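Order of writing sets the labels: A, B, C, D, E, F, G and H. Residues in every chain begin at 1.
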Amino acid sequence: MQREVLLALLRAYKSGESTEAELADRLTSLPFEDVGFARIDHHRSLRSGMPEAIYAEGKTPDQVATIFARLAVTGVPVLATRATEAHAAATQAVTPSATYHRLARCITLAATDGREQRDGHIAVVCAGTSDLPVAEEAALTAELYGAAVTRVTDVGVAGLHRLLAQVPVLRTADVVIACAGMEGALPSVIGGLVASPVIAVPTSVGYGASLGGIAALLGMLNSCSPNIAVVNIDNGFGAGYLACLIARQAK
Amino acid sequence: MQREVLLALLRAYKSGESTEAELADRLTSLPFEDVGFARIDHHRSLRSGMPEAIYAEGKTPDQVATIFARLAVTGVPVLATRATEAHAAATQAVTPSATYHRLARCITLAATDGREQRDGHIAVVCAGTSDLPVAEEAALTAELYGAAVTRVTDVGVAGLHRLLAQVPVLRTADVVIACAGMEGALPSVIGGLVASPVIAVPTSVGYGASLGGIAALLGMLNSCSPNIAVVNIDNGFGAGYLACLIARQAK
Amino acid sequence: MQREVLLALLRAYKSGESTEAELADRLTSLPFEDVGFARIDHHRSLRSGMPEAIYAEGKTPDQVATIFARLAVTGVPVLATRATEAHAAATQAVTPSATYHRLARCITLAATDGREQRDGHIAVVCAGTSDLPVAEEAALTAELYGAAVTRVTDVGVAGLHRLLAQVPVLRTADVVIACAGMEGALPSVIGGLVASPVIAVPTSVGYGASLGGIAALLGMLNSCSPNIAVVNIDNGFGAGYLACLIARQAK
Amino acid sequence: MQREVLLALLRAYKSGESTEAELADRLTSLPFEDVGFARIDHHRSLRSGMPEAIYAEGKTPDQVATIFARLAVTGVPVLATRATEAHAAATQAVTPSATYHRLARCITLAATDGREQRDGHIAVVCAGTSDLPVAEEAALTAELYGAAVTRVTDVGVAGLHRLLAQVPVLRTADVVIACAGMEGALPSVIGGLVASPVIAVPTSVGYGASLGGIAALLGMLNSCSPNIAVVNIDNGFGAGYLACLIARQAK
Amino acid sequence: MQREVLLALLRAYKSGESTEAELADRLTSLPFEDVGFARIDHHRSLRSGMPEAIYAEGKTPDQVATIFARLAVTGVPVLATRATEAHAAATQAVTPSATYHRLARCITLAATDGREQRDGHIAVVCAGTSDLPVAEEAALTAELYGAAVTRVTDVGVAGLHRLLAQVPVLRTADVVIACAGMEGALPSVIGGLVASPVIAVPTSVGYGASLGGIAALLGMLNSCSPNIAVVNIDNGFGAGYLACLIARQAK
Amino acid sequence: MQREVLLALLRAYKSGESTEAELADRLTSLPFEDVGFARIDHHRSLRSGMPEAIYAEGKTPDQVATIFARLAVTGVPVLATRATEAHAAATQAVTPSATYHRLARCITLAATDGREQRDGHIAVVCAGTSDLPVAEEAALTAELYGAAVTRVTDVGVAGLHRLLAQVPVLRTADVVIACAGMEGALPSVIGGLVASPVIAVPTSVGYGASLGGIAALLGMLNSCSPNIAVVNIDNGFGAGYLACLIARQAK
Amino acid sequence: MQREVLLALLRAYKSGESTEAELADRLTSLPFEDVGFARIDHHRSLRSGMPEAIYAEGKTPDQVATIFARLAVTGVPVLATRATEAHAAATQAVTPSATYHRLARCITLAATDGREQRDGHIAVVCAGTSDLPVAEEAALTAELYGAAVTRVTDVGVAGLHRLLAQVPVLRTADVVIACAGMEGALPSVIGGLVASPVIAVPTSVGYGASLGGIAALLGMLNSCSPNIAVVNIDNGFGAGYLACLIARQAK
Amino acid sequence: MQREVLLALLRAYKSGESTEAELADRLTSLPFEDVGFARIDHHRSLRSGMPEAIYAEGKTPDQVATIFARLAVTGVPVLATRATEAHAAATQAVTPSATYHRLARCITLAATDGREQRDGHIAVVCAGTSDLPVAEEAALTAELYGAAVTRVTDVGVAGLHRLLAQVPVLRTADVVIACAGMEGALPSVIGGLVASPVIAVPTSVGYGASLGGIAALLGMLNSCSPNIAVVNIDNGFGAGYLACLIARQAK
């Protein structure tokens, strides 16, 4: 409810236009957001600067383009995930400054409301090249919402020396996002090597008993390292968003 | 490797006691931790002040008591989870200052190395009274490792007004831990009401199609709220530990 | 068995054309529906006015068109679900007054037997735009079979204020149908806000650990709200049909 | 919020004790239940007369006895499910008029607020004697909350004539609750024989591939009969509660 | 319906005591078993001589003893499966001629209605000694209902020569029942060695990835041999019963 | 081993060409089939007249055509299942007398070795039209291998009167094959209505929680009727083959 | 078949006591083991010196003791796994020289037939102390059957430096057995560090989403390291046996 | 770290160019592989001669061609698995001497570094023609990396005589690889017939309850034969690689 509306109600009551009972009834039966709830939500949006992204899968190119444009005018950073070339073409026809990231399947538009700060530092790590789309979705999300991101790729646990060589870099990050398919052991190993929170992203990379990412998901949930939490399979966006929230606190 | 050992090797080489080839061989074949790795690990322990807890389930009372005592002398906070009365009795016989928390099934000993600061603020929320043991494990863990904890209980989504009444409190927390069994919807709802990171803890509370907590776990992994990550079923310790890491960054 | 056939048998017996033993044998060995069973079934159809729908998936356009036309002549409301454009084209070629609903993938034909009453009021709620096809299938079904339907869309639990704003409307419904994919928490939350029965429809919307709707299904089955029952994943038709039966009782 | 509190606020504002801005702030920041939400909830309770039951499993006898007594004084019907002999003994020590139903594992106390009407008629059907505890839990729940209940037992689909003999009785019910374990086919068959809504309750009766009731649950969810909805495995209470809500509408 | 009742109705009609319309109404509305249905069921019992067994699990000793005694007086063979020592003691107290088979956990009473023929020949094969209880349940069932049974034990596929040595015996059987846990490969191998039908009984013998018999069940369902069908895990009774039906046809 | 080879060995020994030890060694080390095993297998084929079918799925049209032709010359009945139009075209190019059954996806060629007898009578029942391809595969298999087949379609349990009307026919069959998807309750109901063996075939018909036929499969495995055994999902061929074996015994 | 029996047959033929046709018939119809099959099996036992172990679970103490004693007299190494104290007591009463290993739950008796060689070198590695019973079962099995075993414990992947410190030892082994519960990542990491075959043993250690070892099993099956194969959950015996076979080849 | 780099560091220190402290710092902070780790990895590669293969699935033809070429110049044997025709065309355009194996979906290039020895003998066995692609992948892998391979095909357990005829061949192998889909019983049977290690490869061949190879996988994990270990579904490469490692030890 616009505060003005509320004030108008109060004034009408004070002036005698409406009775006490009428106002009491009106106030207790207002739709909830009218009594300030929406404002709170707005406050959240203002504080975090992180509007929800557009999940393009299952939407038509036109739908994505329309929603994208509507958000673009507000000046916030805009992000569409799981976007195809067709989604991108339709979006860029309406919002020419939007960028399509083929590998990550994302369309982005940087914030235009002046913000530019780098809120914290996130390392996005992945095990194999097949995990790159998910890792890139995470990295782009984090960057768009204001974090500095370091990408570390091709450091699967079966070739441990490559991972160990990157430990110094990982230790400089406020949060580590670790993406892995197959057996999904990467977050466990990283969790033991760094002191920061690790967000584990199982990917659907694999075949047979990988069960579309369930094996990796279960592995990550059962990690012996206590500094790990897990998001849904292939949910790079969620990992990037959450990491950003955490890293921002580190400032 | 103790730095002194390394220096001794270098001096022996410079003095001619050992040849260049001998030193090269020695350096490349050293066990890994000898080249500084263990030191790094120590550094991590120092920085986080959060040693791993003792998982008492499957250990004898004597084993728990012994490990507990060994850690107690170091001055760090000590925690044993999934501890029975028998574990507690054996532990308190050796370490009388240890406290047993029946509901949480935890044995704790506060840090004696002088630290006392409250690093960040964590809200631990749970849906029903059956979730209390897991929630308490999370809360005790977080408190022991230095966070201020607010407990919010009995706010299941089927009686939404109770949860909504607690929103102002939840919004003051740096991190929210949400524990729920059954359909596990609590973290999703909270995730939409706060701007901070939410750690979701599925519990094994339920029957029939709850599948020992799997239903709650799946629900949490599929949350529409992007500020949520999930730990293993009933893993209150992990949630408390991770929340503490994140909240500390908020300082 | 046509009653005339039965009467003929009885008369033949009374007139002596057949013996007592012959009639007894005949009566006890008649196919079951012959002894009135089919009539009962007919009675059910008359009472509920709700013939089963045509499930178009896996049927050819010609098959659907033929069955549709055969039902159309009886005057009852006709419904084909999971219908493609091709099904619709074939059906409309034979029954031009049939309507195709693209979003709901349904072909409908209103009853022509004079009925018009609105039997009860059903609210059909869904969480996201991806759930709309299922929700629309439910809404169309309920309308076709005689209920007044209110559609409430885009009220996912992660943005609770939107749902809360609709509570007054939901409370006016005799039955609420709540469709949701992902974590499937919507019915639980609604169940706590209304006093009427809630039919929960899990949808296959989601990815990864949503397991094609299994996560939402399990969540709904484990709801803490006691006024909820669940139908199969994506079964909008079943929900609409059942809600209609219940709402009719409310008249 | 008590209406009086609200009125007091309004009067203070009108009298000039508080400013317009102060009142606006107060109103928009009140905990949610304060703005009438709890009243709504209360209204729901009044309208349905169906408070939630006490789920005794996992609670101590003392806890159950205490909660039971607290509810008893309000005059509403009181119900504790999954109650053991020990729960019953403790409860009856405090509330002597409570009744323990061994087979159903329920403790009940009839409403003392004068209500006595029989709101609708529910048939509770079960396949085998092993399903009786769940069926009885459903029947007792429905009776306690005001419905007339007909029990039909031992009518499994493998001996169809027994079920068919009960069809006339089933057809008089406003709602049918069908409980079955093993293959769970009973609701499907009944669904085709009656025109009323059928609430299907899978039970955990069975062994091997029954998977603790999952086989029956899946069977019921996949029923060809469109007048069926399903509750959790062994959830007799939920079925009785929901059936009662539906049957009441039939009045 | 007793035929006499039917005849009485017919006579009353012929004599004019009741009208044609009355009789027609009566006949079409009779409960189903009244119009001969129960007779059919009785006929089935007579023809197969195979009444259903008593599933003792979950029944009290008294209940089993009572049902057992009631069946015993009819002269048919009586069988209680999954019976404990306590069930047996109670049963034998009432029916002293009953026999308890500890390994098979069965109580049996041979038919006393004079039948004695051996209807066909069944081979009951099992892989390991742990499968013996299930195999014995199958064998006892088949014997009790009239078949000649050959037991072949300890012929797991990992020691193939033992199985091959028994092939000549297996080839003399009209039906083979093959019980196996673990990988459940026995029926497949036997299926390729004999020309008769093979009933496969997965057992819950195993650990870890045997998943309580699911692994064996899946193996048997996927058998390459086309002469195999499968019953539920540990369902020795069902296998014996069905084998008996098939073997009887072979006479 | 060709008998001639064996005889040659024996003669060489008797004539002194080889020693007793040489012959003994040779006989004990012969490949197994050489010592008569293949003959036994041949015997099985002769006795049952039921060669294995060609599973066309995953084979090229040419491969199917070639195998089909090779079997055709032997005079036995030939059957290819899961065959596409392309498989059929290639097969008929080589074997013009082969028939393609589109609905059942089978290619058949009747036996040309003179056999014509109808060995027993099999009823093939299915619940819905979507189950027809599986049912037809079963029926064609049984007919091809020599049984008389009665097809009973569209008798799902949700419209029980249609099934009950067919009971007299079902009772004349030596074996009943019951195919059903969705909840898979048909075999249970039929099992209680007939005294003969019932082979249950779960089909993959359904959606959502039908899990590709797993729900129907579990339902059938948990049937209360003891005269039922189950084959793999969609395995019409196996059911037809096994039914044929059983029905043949009935002659 | 005893060779003497075969020779007698041959002599009878040569002497004219039996005809050529009679002998040919006899030879082709002999039970399989009679033609030398059992001898082959014996040969396998002789060559590997590795008789199967006694799986004590589900056997009575007396049964284990009896089988143990019967094997002991043959001089081969004897092993009973999953043995309780009671099994051990009964066994040692009969075979006093048998040793009970409490942690590994094994009863062993060293070979008394003179063998003593150490056939190859096996490293048995485990992640946590809870995995020790399984690891010890593997180690004892390997030692009993002749391998030299190095035990490496407490080297979970979350504390990588401990594992890395053991790499030089692991590289000296012919085969590595890696036991782990929880996320089961240990074999993957080891597989990348050594060049020898790695046998992965998932253990049932864990809780919640570990699903009794299924999570670890899936992780191991999906390992990126190509030098890994997996045995059943908790199957220490199988791993030890197989490793022994492989290590022996390395000699 | 190149040894030369290390030596240069040492010389600079000895010559006084760098101080003792500088060198010590440099050595302890080097990325891990710099201190010899990479060398170890290189050593492994040299010793085993078995570089990892290229997993072509999910890679573009250009990517595969590029990686293939890069490996080809090193002289080691090169292998790309899961390769399509397009992958092959692109690869052969760059590396003309590469061979495409259509059935196995592999591209290979023999080692050009002079090695030619046949290290051990591997038998690759499969049950049906549908398993051939996986079996061929295993066989090609083993051959490419230096083993002699015997292929044994079409020896499913349902036609046991064909398998038994191949036992003498199987017994000559150092390792047996057994590939099977459906019920996956082949490895168990072979495991009982040979004394060597058996690597079991479940394939995704099957339908319905084969669950994409899970049934075969579970069967193999539960094998009664103790000389079996299992790799992932369809993982022919892993089986060939591991078998090669084991067979090499046998030399």
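The rule is short, and it goes like this: a residue touches a chain if its C-beta (ideal position, glycine included) is under 8 Å from a C-beta of that chain, and two chains touch if they have at least 3 such contacts.
On a predicted model such as this, the values are computed, not experimentally measured, just so you know.
Same-residue interface: subunit A and subunit G share over half of the residue numbers found at their contact. Interface comparison, D-F versus D-E: the pair with the greater number of contacting C-beta pairs is D-F. Subunit B and subunit F have Cα centroids separated by 59 Å.
For the pair subunit F and subunit G, the distance between C-alpha centroids works out to 40 Å. The distance from the centre of subunit A to the centre of subunit B, with each centre set as the mean of the Cα atoms, comes to 25 Å. For subunit B, residues touching at least two other chains, in rising order: 29, 32, 159, 167, 208-210, 214, 217, 221-222, 232-233.
Pairwise chain contacts present here: A-B, A-C, A-D, A-G, A-H, B-C, B-D, B-G, B-H, C-D, C-E, C-F, D-E, D-F, E-F, E-G, E-H, F-G, F-H, G-H [touch as defined]. For subunit D in complex with subunit F, the residues that touch the partner chain are 127-128, 156-160, 164, 181-185, 188-189, 191-193, 206, 208-211, 214-216, 218-225.
Taken together, the subunit C residues at the contact with subunit D in this complex read 40, 44, 47-48, 52-53, 167, 174, 194-197, 199, 217, 221-222, 226-233, 237-239, 241-242, 245-247, 249-250.
The touching residues of subunit D, counted against subunit B in their complex, run 29, 31-34, 37-38, 40-41, 57-59, 202, 204, 212-214, 217, 232-235. On the subunit A side of its complex with subunit D, the touching residues are 1, 3, 6-7, 10-11, 13-14, 20, 23-24, 27-30, 32, 35-37, 39. Those residues of subunit C that touch subunit A in the complex are listed here as 129-130, 159, 161-162, 164-168, 205, 207-210.
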